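Got some structures for you, see below.
Two complexes, one shared chain (subunit A), two partners (subunit B, subunit C).
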Partner chain A sequence: MWKITYRVHRQKGNEPPHYETFQVEVDPEEYVLDGVEKIWASEDRSLTFRHACHHSTCGACGMRVNGVEKLTCITKIKDVVQDGGTLTVEPLRNFPVVSDLVVDLGPLYRKMAAVQAPAVHALSMTPWEGQNIAPPADIPMRSADEEYIRLPDCIECGICISACPVAATDPEYFGPAPLAAIQIQGLDKPELLALADSQEGVWRCHSAFECSAVCPSNVDPGRRIMDLRRQVSAKRLKLA
Partner chain B sequence: MEPQKNDPKNLWDWFNPKGRNVGGWAFILNRIAALGLVFYLYLHLFVLGKLAQGPQVFDQFIATAKSPLYILGELLVIAAALYHGLNGVRVLLTSFNIGVPQQKQMFYTALLLSVLGTLVFAVRMFTVH
Partner chain C sequence: MSKPHVIVIGAGFTGTAIAHDLALRDFDVTVVERGPIASGTSGRTHGLLHSGGRYAVKDQESAIECIEENIILRKIVPEVIEPNGGLFVALTESDLAYKETFIQGCEACGIPVDEITPQEALRLEPNLNPKVLAALIVPDGTFDPLRLALSFAASAKKNGATYHLFTEVVDMLLDGQGNVTGVKVWDRANNTRYEIHSDMVVNATGAWVGQITQMAHAHVPITPTPGIMVAYDQRLVNRAINRLNRPSDGDIVLPQRRLAVVGTTSFSIEEVDYVPIDRSQVDLMLERGAELIPAIRQAKERGVYMAVRPLIGASGPGRSISRTFKAYDHKELDNVEGLVTITGGKATTCRAMAEKTVDIVCQKLGLNIPCTTAAAPLTSYREFYSR
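Moving on, here comes the complex of A and B:
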């Protein structure tokens, strides 16, 4: 077992934020979220944080670990701190802080709704992944024009928006995940073209690619924004 | 609290390199270089303004501009212009989804070429005159 210090961002109501430290005994193979749960279980029941699935599916446990956005349920303690060291956990940036480590992801969910992010989509809608996904050969299609359906990669964790330097000063910017959701659908719907080709759409991005660096779910939103720029330009120049 | 547009306390997030990755460094450097170039543009216009004050004033300025401190300043401008221009090409290419998976290598190339270009200028400016 390791003895490490958790330095935790605390903030209730409208009070200014402060940091509190907790000594925690952890197995280095455990995850950052496990340590937060230990603090809650044995030190301070008023500590608030979000999680559900514990396996990178629900997107609830995004936090900043030593200043870098992580899904804490899949971030191993040994990868971010050494025995005896200090680990800082803070809420995501660029969202309203509700309490301690909990942010309100509502702005992201509303943008995902505005871009009509699909709950499932045809495999062919994401050719980049499609190349690496072998459809199960032993499950026959019922007809020739039937398509394989898959869940989108994006788990709507908001990590990309927290890491985006543009979102830091522009909460209205649609941001990586919503723009990636438009890219996946293409620009046949005029309302999606209007959103993508707007001041708060693809042209707001400054190509820092921080979203792609932190995305835990292989969405590569930075590349998708760039492809959406290409699509918008082609549409406007009537090349496509 | 709701995040606000152009919140001054978040401006530092544009420049803070802590926790940033390669693309983030490229953006930070590009923005610093761009701001430096704009500042230089005004400085340049101010200096050109001295022309209107007659040849004597201007020649006097040119004499001081040959000091090593001025040359170092000019080298900064050259470095900023080279990096901003070369990285600008990187940003333009990636904006058409060309070379996005290679954006890191493109950044390193832009940086290397800027350093080499600045060195060439440095050697010439400190030896020729």
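Moving on, here comes the complex of A and C:
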């Protein structure tokens, strides 16, 4: 077991935020979120944080760990701190803070609804698969007219929005995850073309690629935004 | 008369499904949850939308509930479900010997079951153990745990339910006779304390129901039995892969987005709020999971997590206790009016649990309002936050 210090962002109601430290005994193989839950269970029952699945499928547990956006349920303690060291946990940026480590992801969910991000989609709709994963279209169903349905890669965690320098200055900017959700669908729907090609759409992106650096779920939103720009330009040419 | 006011404690699958049912039956609903939605057992579920196959031999009551509810959930909340079916596969002679019993069990419970050749099974799931001896297809599915709970929660919200999240019930309000008239809560987000009065309190706190009943000097027999799940970083299967044999440790591999998740185990504990990971169980999941899907050994471990089952029964660990849910009217049990406890069950059966609980609430309040949740499509999970 390791003895480490958690330095935790605290904020209740309208009080100004401050940091509080907790000494915790942890197994270094545990995850950052486990340590936060342990602090709640045995040190301070007033600590609030978001979590649900504990295995990177729900998107609830995004926080900044030592200043970097992480999905805390799959970030091992040993990867961000050493025995005897200190690790800092803070809420995501660019969202309203509800309390302590909890942010309101409402703005992201509204945007995901606005771009009609599919909640489930056909397997073949995931165009870029990762290493060692068979191309989805090659996996057959029992009969030719059935297709596998899957949940999308994007877990709507908001981590990309927290890391995005444009989102920091412009809350209206659609941001990485919603634009990536348009890219996945293509631009056949005129309303999606209009959103992508608007003031707050693809042209607002500064190509910082911070989103792709932090996205924990293989979405690679930065690359998708670049591809979406290409799609928008192609549509414009066609329409002109 | 104004609408009867019901407080629901707990916003896991059970609590959110109850809130939805109550709101549809036109109650005034307040949900009190000490964390965010699905932060107890529900969020940490394996994610198998049971066809009932797993229980078709030993626990047919559960199996029938599962297949009925499986069909309903596919209709009312398709946007959180991968409806791709499931395979039960035999790898040994002992598995093969179980096949006929299993098929008979499924048929007795009304679970459609269809045998395919090992070659066909390997064509459908190329990562399956090539030593497969027999394979049966059943209508299993998988679901996203948080989004299932959020869909029920959003639907209840749309119909007027109010949520107090990060708000813990710290005591019961009792009248002179010891009957429950509301709850005392602590809002952990704002560090404030207040009281909420109601006509009825529903205790849907899963593995924690005992803490709530204690506050009302009532009791309920449940055994907290945790299990482990391990997520690997590759989507190695597209449907639920089950071992064709009696339920045991690590005998299910599921897809979740780009992951494969192996589960689970079953043991007893005392402390429910923080359950440490036992590395020997992680090794067991790898070993057992790799029997079904050998490529798991080449995948990387991505997450390890534990969840606590609220199993019904006075003592003793898990699997032999019936997984059927029970709703308790504490008037009958402890002579305490105003409190109903619901526990046990499964994610797959949460809608039915809610129906039965709200039926009891209606009966206690002398109301005759039918349940309509089986045919009511749920609102998008996104509306819970965006509304």
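Just so it is clear, the second predicted complex is superposed on the first by the 219 of 240 C-alpha atoms of A that agree within 3 Å, B and C clash if a C-alpha of one lies under 4 Å from a C-alpha of the other, contacts with A are read in each partner's own complex, and residues count from 1 in each chain.
Methods note: contacts are C-beta pairs under 8 Å (C-beta built on N, C-alpha and C of every residue); 3 or more make two chains touch, one makes a residue touch a chain.
No experiment lies behind these values; they were computed from the predicted model shown.
Asks: Superpose on subunit A as described above, then tell me if subunit B and subunit C fit or clash.
Replies: fit
Asks: On subunit A, which partner touches more residues: subunit B or subunit C?
Replies: Result: the larger residue contact count on subunit A belongs to C.
Asks: Under the stated touch criterion, which partner chain does A:M112 make contact with: subunit B (first), subunit C (second), both, or neither?
Replies: second
Asks: So in the superposed three-chain picture, is A:A144 touching just subunit B, just subunit C, both, or none of them (first/second/both/neither)?
Replies: neither
Asks: For A:D153 in the superposed arrangement: first (subunit B), second (subunit C), both or neither?
Replies: Only subunit C; A:D153 stays clear of subunit B.
Asks: Looking at A:P96 after the superposition, I want to know if it touches subunit B, subunit C, both of them or none. Which is it: first, second, both, neither?
Replies: first
Asks: For A:H206, is the partner it touches subunit B (first), subunit C (second), both, or none of the two (neither)?
Replies: A:H206 sits against subunit B, while subunit C stays out of touch.
Asks: Determine, under the contact definition given at the top, whether A:R45 touches first (subunit B), second (subunit C), both, or neither.
Replies: Once the two structures are laid over each other on A, A:R45 reaches subunit C alone.
Asks: I'd like to know which partner A:D170 touches here: subunit B for first, subunit C for second, both or neither.
Replies: first
Asks: If we overlay the two complexes on their shared chain A, which of subunit B and subunit C does A:S233 touch? Say first, second, both or neither.
Replies: Touch status of A:S233: first partner only.
Asks: Just to confirm the value: shortest Cα separation between subunit B and subunit C in the superposed three-chain model, in whole Å.
Replies: After superposing on chain A, subunit B and subunit C come no closer than 14 Å at C-alpha.
Asks: From the superposed pair, tell me which subunit A residues show up as contacts to subunit B and also as contacts to subunit C.
Replies: none
Asks: Mind pulling up the subunit C residues that touch subunit A in the complex?
Replies: Touch list, subunit C to subunit A: 35-39, 42-44, 47, 78-84, 120, 123-124, 126, 137, 144-147, 149, 166, 168, 188-192, 229, 231, 234-235, 238-239, 255-259, 261, 273-274, 276-277, 279, 298, 302-305, 380-386.
Asks: Write out the stretch or stretches of subunit A touching subunit C in their complex.
Replies: Residues in contact with subunit C: 12-13, 27, 29-31, 34, 37-38, 40-42, 45-48, 50-60, 73-74, 98-100, 102, 104-106, 109-110, 112-113, 119-120, 123, 130, 132-134, 139-142, 148-153, 155, 217-218.
Asks: Using the touch rule from the top, collect the residues of subunit B that touch subunit A in their complex.
Replies: Residue positions touching the partner: 1-7, 10-11, 13-14, 18-24, 26-27, 31, 91, 94-97, 100-101, 103.
Asks: State the interface residues of subunit A toward subunit B in the complex, per the touch definition above.
Replies: Residues in contact with subunit B: 14, 64, 66-68, 93-97, 165, 168-172, 206-210, 212-214, 222-223, 226-227, 229-230, 233.
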